[in-house]
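Common to both upcoming complexes is chain A, partnered first by chain B, then by chain C.
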Partner chain A sequence: MQSSLRKKLSTYKYVLIMLPGLIVWFVLSIWPHLEVFPQAFYKWNGYSPNKVFVGWQNFETFYRSSAFKDGLLNTVLYVLFLFVIQTVLSVFLAVVLKRNTRQNRFFRTFFFLPLVFSSVMVGLTWGYMFDPNLGMLNQIFSALGIKSLESFNWLGEPVRAIFCIVMVHIWANIGYPLTILTAALQTIPEDLYEVSEIEGATSMQQFRKVTLPLLMPALLRITLLTVVTGALAVDYILILGSSVGSANEFDTWAVKIYQGLLGSNLGLPSAIGVFLGAILFIVFLIQYVVTKKVEDSIH
Partner chain B sequence: MRKRNVTGSVGGRLVVYAYALFLIAPIYFIIVTSLKMAGEVTTNPLGLPEYPIIGNFVEAFTRGNIAKYSFNSVIITGSAVILSLLNAIIVSFCLHKIAHKKIGVLFYAIIMGSMLIPGVGFVTLLQLYMKLHLYNNLLGPILMGATTGLPFNVFILVGFLRTLPKEISEAATIDGCNDRQHLFLVLLPLIKSALATLGIFAFVSNWNSLLGPLILLKNKELFTIPLGLLDFRGTYTVEYNYMFAAILITSVPLVVIYLRFQSYFVEALSGGVKG
Partner chain C sequence: MTIRKQRSKWLVSALCFVLLFSLAACGGTKDETKETQPSTGESASTQEANTEPVTITYSTFRAEDEQIFKKLIDKFQKENPGITVKFDTNKDAGAYYQTLKANIASGQAPDVFDLHPNTNYTDFAKDGVIADLSDQPFVANYQDGPKALTTIDGKIYGFNHAVNLICVIYNKEIFKNHNVDVPKDWNDFVSIVNKLKAEGEGGIAYAGADVKAVWLFNAIANELMSPADYKAFAEGIDNGSIKTIRDNVKIYTALKTLSEYNKQGLLYTNSDGVKYPQSLSLFAQKKAPMVIIGTWTFGTKETDYPGIDVGIFPIPTLEGTQVGYAEPAQISVVNAKSKHIEAAKKWVNFLGSPENATFYVNNAKMTTTVKDVEANFSGADILAAQMEKEVHVFPIFATPNMESYQVDYEEMKTNILFKGADVDKEIAAFEQLLKKADLKNVK
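Up next, the complex of A and B:
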C-alpha cells in the first residue's frame, strides 16, 4: 500500500521535472500550428486592433484566385518530379553501390556531402549555373558549339523551371534516401541472391523478385518523406526565384504561405496553410494504410 | 549469363560516374570562380584561373561581414543545440523513469508533435514571437531551434534508454544515487554516441536553417551566415567571384565536420529504418 503510494508520488515528481520544458516546447512549437485554424477565419494585418471575423471568406478568396490552381499544379509537379526522379535514381545508385568496397564507400560519402551545405549556398550556386547571361550551363553549351542553348533561359517557363529546381533539390538531398536504402539493402540476406542465381535468374529478375519486395518498407518510408519535403520545399524556389519575397510563376503553395506573410491579410496565408495541411494529412493516412497492408503481407 | 551481369554492372558504374560529375561540376565552378578577377569571370568562365587571387577571400570576408555573421551563427546554433539536447535528455529520462502505461500516452502525444507540418504555422508563429518580444532578437531563432527537434530527439533517446539493461538502474538505486547522479553519472556516459548523433544533426540543421531566421530577424547586425550570403547576392549582384569566395569560406568548416563525424550522420539516418 505504502509502496504504491510512493510510486505514485515519484510519478508526479518526474512529471513536474519535465513539465517546464514541455510547456515551453508546446507554446513555441505546437501552439502556433494549432492556432492557424482559427486565424484562417479572420481578416487581420497582424498589428492593428481591427481583427474582423470573416467566416470562410479567406478560403473562398484563395480558392477563386489563380494562385490556388497554379500553386496546386506547381506543388503537384514539384512533388511528382522529386518523387519519381529521386526515388529511381537513389534506388539505382544504392543497388550499384551496395557492396562495401572502398570505392563504393567513397562514392556514398561523396553523394551525401551536399546535405551539409546550406540551402542558400546550394541555391546561390545553382542560380549562377542557370543564369541566362553569365551562367555556367550556357557557357558550357556555347563552348561545345551548341548555339541554340547559348542564351537559354532555364527558369523561364514554369514546368521547366520546376524540373530544374527539383534537380537542384535532388543534388542537395539524395544522401537521405541513399543512406536509408543502403542500410535496408544490407539487411537482405546474401543467400537469397545465391539461390536465385543458381536457379538461373537474371540480374533484372533478381532485382524485381528479391530486392524490390524486400526494399518495400524502406521505400514507403521514403515516399512519405519525399512527398512532405517536396510539398513544403520553399528554400530553393525562393532563392532561385527573381528575388526573395516577390512572386514567381513557379511558386508552390508553401512558397505562397511565406509570401503571404508580407501581405496585408494574414488570414489568407493561414487559409493556404489549412488547405496544405489537410492535403498532407490525407497523404499521411494513405501512406499509413498502405504501409500496414505491406507489413501484413510480409509477416 | 556471366557476361550479361558484367555489362549490367558497367552500365551501373557509368551512371554512378555521371552522377558524380553532375555533383562535382558546381563545386568546381565555385572554387575556380572564387579565385578569378572580376574581368576573368566573363572572359574565361570555364577554365582554371590564369592568376589565382587569394585576396578575393580577404575581400569577401570583410565585405561580406562574415566575422559578424559567423559570430551570430555560433551563438544561435550553440545555444539551440545545447538547450534542445538538455530538454530532450530531461524529458526522456523522466519518461523512462515513470515507465507507466498511462504515461505511454504522453510519449505518443509528444511524438505526434513531429507530424505537425513546419511552414504551415509560420503566420501564427511569427505573431506569437512578436508578442513575446522574440522578434528581431537572437533569442527568437535560438528558442525556435531548441524546440522544433524535441519529438525526434525524445523518440531516439527513449528508444536508446530502453535497450540498456535494467540492472544498471537497479544497481544505481541500491548504491544510493539520487536522480541527478543517476542521470549524469550513470546513464549519460552510456548514451554518449546517441547524443553525439543527435547533436551533430541538430548542429547542421540549425547552422543551415534559412526560413526561421529569415522571418524572425530583420536587423542586419543579427543575421546568420545563410542570411548574410543571401544579402551578399542582393548587394553585389554580378560579383560572382566574391560571392563564391564567401560561400567557400563558410562551407569549408561544415565539410570538415562532415568528414570527421561521417559515421554519426549515417547512423542517424539508417537508425530510422530499424527503429
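Up next, the complex of A and C:
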C-alpha cells in the first residue's frame, strides 16, 4: 500500500509536501544567515542608520591581524583534537557497550548524562577543577605524590589549553556520537560475526574487517558533525578562558566571531564567518566525496 | 536517469552549502537587523501632555542590584502614581548588549538603560541614540569628576551611579602579624611582599586568567597619567596617529612596572591561570595576604572574604603608590526615541537625587558620584579615605578600530606580566603589527 502510494507521488509532490517547512526554514533561518555576506562588506555598529560600505576592508583587517593565523591554528588544533580523541573514544565505548545488557544500558546513560547539563555549568565546574592553586585535579596529583603536577597550570599554554578544553567538550558531548554509533552497531548482522568466528578470525580481525567497514557511513557522518561543532565551538573556550572578553591565546575563529559581535563593527565578525564558512564548505565537499565512495564500495 | 542523479547531487550540495554557511555564521544574526531610519520624531511633549498612566522600562546588567532597584521603583511609583517602571536585567553582559543593540535597531529599546562606561556610551551619544540630559535637575547634584566623565562635546548624556576603586585589598591581621604596614613607595612594596613570602605567606592574588593584564595595566597607567592623557593615548593608538609607544614615558613606565611585577614574583603563583572567584578564594582562605580587585567586592565581602578585616592601598607603580585608580560603574541613559521621554528622565533624576543615591550606594556599597551623599556601610570610611586623596578615574573614549589590534595589544601586556617577556621587544613586535594594520587609513 505504502509503496504504491510512493510510486504515485512524483518528485514535484515531494517538493510540495516539503515546501511549507522549507519556506519557514529559509525565512527564519537561512535568509538571516545569508545576510552575513553583504554585511561583511560594511562597517556597521548594529543599530545606527549609517552603514558604511568598505569593500574588502573587513576581510583585509582580519587577514592582516594576528587573529587570522593564530585563530586558524587554534581552530585546526581544536577540530583535530576533538576529531581524533572523540572518534577513537566513541568507537571504543560503542564496541564495549554494544551488547544490550542492563550494565551497558546503565553506562550508556551514564555517558549520555553530561549532555543534559548546560555548557556554562560544565565549563564553570571544570574551571574550578583546572585551577592551578586550588583546583581538584592538582590536589589529586598532590595526594598521589606527583610533585610536578602539584601546581600545574593546565590552561597556561595554548596547545595544552586547547587539549584540556577539548577534553571537557568530549566529556560533555560524548553521549551524542556514542548513541549514533551504538545504533549503527545494532544494525550489523550477527551472522557476519558468526561466519568470521567460524573462519577463525580474532576479535581484532573482526573489528577491522567487519565492524569498522560497516560503521564507516555512520562514522563519516559523525566526522562532519565533529568538524562543524569543533570549528564553531565557543562556549567552553569562553568560559574556561577570559570572562571579561579579553583575548585568549587559545581563541578560535568562532570565538573571534562572538567577540566581534559585541564590538562596534559587525562587518568584521561577518567577514570571519565567511572565511570559516568557506573552509567548512571545502571540508564538506571532501567528506561528501569520501562518503559517497565508501557507501558505493559497501553497496 | 544520470542527469536526474547529477541534478539531485547538485541540489543536495547547494542545500548543504547554504546550511554550512548558516552554521558558520551562527549567532551572527541576532544583531543583523535591517537599517533603521532616523525617527520621524514623535513629539515627547505631546506624550507628556497626556496624563494617562505610562509604563517605562528600565534595563540594567546589574542583576545583583535587583532588590535595591525594586525598592527604589516602589518608592518612585508612590511618588509618581502615573508612572510604572518595569525592571529588566540580564547579568550576561554579552547577551545584554546583543539584545540592547537589536532593540535599538528595531526601535524597541528600553526607555532607560544602563551602559558600561566604555561600551557604546560615546557612540550612542554621537549617533543620537541617547538623550541629552544636560538640563536635568540631577546634574546639579552631580560631582565634578563624573560630570566631566559623562560629558561628550559639552553635553551630559547619562547618570553615572558610582565609581569603584581597583586597588590592593589587604588582610590587616596578616600585615599586623608580620609587622608590616601599607607600602610608602615601590621599594617598600617589593620588600613587604618579599618579607611576607619569606615568612610563609603567598603572593598577591590576581585573576589573571579572567582579566589578563588589563586591570593591572589600566590601573598603573592611569595612576601614572591624567585621564585626559590616557584618553589621548588610547585614541591615538586607535586612529593610527601614535606609532611609537616608547615616546610616551608614562605608558612605557607602566609596561616596565608590569615587567617588575613578573621579575620580583609579586603575584601569586600561576596567576595567569587564576580566575576571578579563585582569586577571592585565595584571599578568603588567607593563602594570599593581598588581592588586586575592585572595591565592588565590599558589597559582597561577607560571602567573598568573610570575617577578614581589610584595608586598601593603590596598586603600586615604579613611580610610587599615592594616586588611586577607579573605574566608573554603570551609567543610566535615556532612550532618545522613548515614547515617554519625560517619565524616563524623571526616573533618572530620581536615581540621581541625593536621597536615593544614598540608598543605592549604601546598599550596593560603592563610592558615590552625587554630592551630599553620606555613605555609612561597612568599609565606606576606607573608600572615603582613599577618595579624599588623588584618584584618577578611567576616561570614557571611543575606539572604533579596536578589533584590529586588541589581541596584539593585550598579548604584549600579558607576555610582559606573566611570561617575563622583554618590554622593548614586545613593544617592537606590537608596533610592527600596528604598522601592518594601517589604522590611519581605515575608513
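Some notes on this structure:
Quick note on the criterion: the second predicted complex is superposed on the first by the 267 of 299 C-alpha atoms of A that agree within 3 Å, B and C clash if a C-alpha of one lies under 4 Å from a C-alpha of the other, contacts with A are read in each partner's own complex, and residues count from 1 in each chain.
In this text, a residue touches a chain if its C-beta (ideal position, glycine included) is under 8 Å from a C-beta of that chain, and two chains touch if they have at least 3 such contacts.
Please read all numbers here as calculations on a predicted model, not as lab measurements.
Once the two complexes are overlaid through chain A, chain B and chain C clash, as defined at the top of the document. Of the two partner chains placed by the overlay, chain B and chain C both lie in contact with A:E35. Touch criterion met: A:P269 reaches chain B and chain C at once. Using the contact criterion defined above for the overlaid structures, shared-chain residue A:G260 touches chain B and also reaches chain C. Touch criterion met: A:A247 reaches chain C, while chain B stays clear of it.
Of the two partner chains placed around the shared chain by superposition, chain B is the only one that A:V116 touches, whereas chain C remains out of contact. Of the two partner chains placed by the overlay, only chain C lies in contact with A:S48; chain B stays clear of it.
By the touch criterion stated above, A:L280 is placed in contact with chain B and with chain C alike. Applying the stated contact rule after C-alpha superposition, one finds that A:A67 touches chain C and leaves chain B untouched. In the superposed model, A:T101 lies in contact with neither chain B nor chain C.
Chain B runs into chain C after superposition on chain A, and of the options 39-47, 93-101, 183-191 or 291-299 the stretch responsible is 93-101.
Within chain A, the residues touched by chain B in the first complex and by chain C in the second are 29-30, 32-33, 35-36, 39, 46, 127-128, 134, 228, 232, 234, 243-244, 257-258, 260-261, 266, 269-270, 273-274, 276-277, 280, 284. Residues of chain C touching chain A in their complex: 13, 16-33, 35-38, 93-94, 97-98, 101-102, 104-105, 120, 123, 127, 129, 209-212, 214, 268-270, 272-278, 281-282, 285, 287, 398, 400, 402-408, 410-411, 414, 433, 436-438, 442-443.
By the touch criterion stated above, chain A contacts chain C in their complex at residues 29-30, 32-36, 39, 43, 45-52, 54, 57, 61, 64-67, 70, 127-128, 130-134, 151, 153-156, 228, 231-232, 234, 241-247, 249, 251, 257-258, 260-266, 268-270, 273-274, 276-277, 280-281, 284-285, 288. Partner chain A is touched in their complex by these residues of chain B: 1, 4-5, 8-9, 12-13, 15-16, 19-20, 22-23, 25-26, 29-30, 33, 41-42, 45-46, 87, 90-91, 94-95, 97-98, 100, 103, 110, 113, 115-130, 143-144, 147-148, 150, 179, 204, 207-208, 210-211, 214-215, 225-227, 229-230, 233-234, 238, 240, 243-244, 247, 250-251, 254-255, 257-259, 262, 265-266, 269-270, 272-274. On the chain A side of its complex with chain B, the touching residues are 10-11, 14-15, 17-18, 21-22, 24-25, 27-33, 35-36, 39, 46, 89, 92-93, 95-97, 107, 109-121, 124-129, 134, 136, 139-140, 143, 171, 175-176, 179-180, 182-184, 200, 202-204, 217-218, 221, 228, 232, 234-235, 239, 243-244, 254, 257-258, 260-261, 266, 269-270, 273-274, 276-277, 280, 284.
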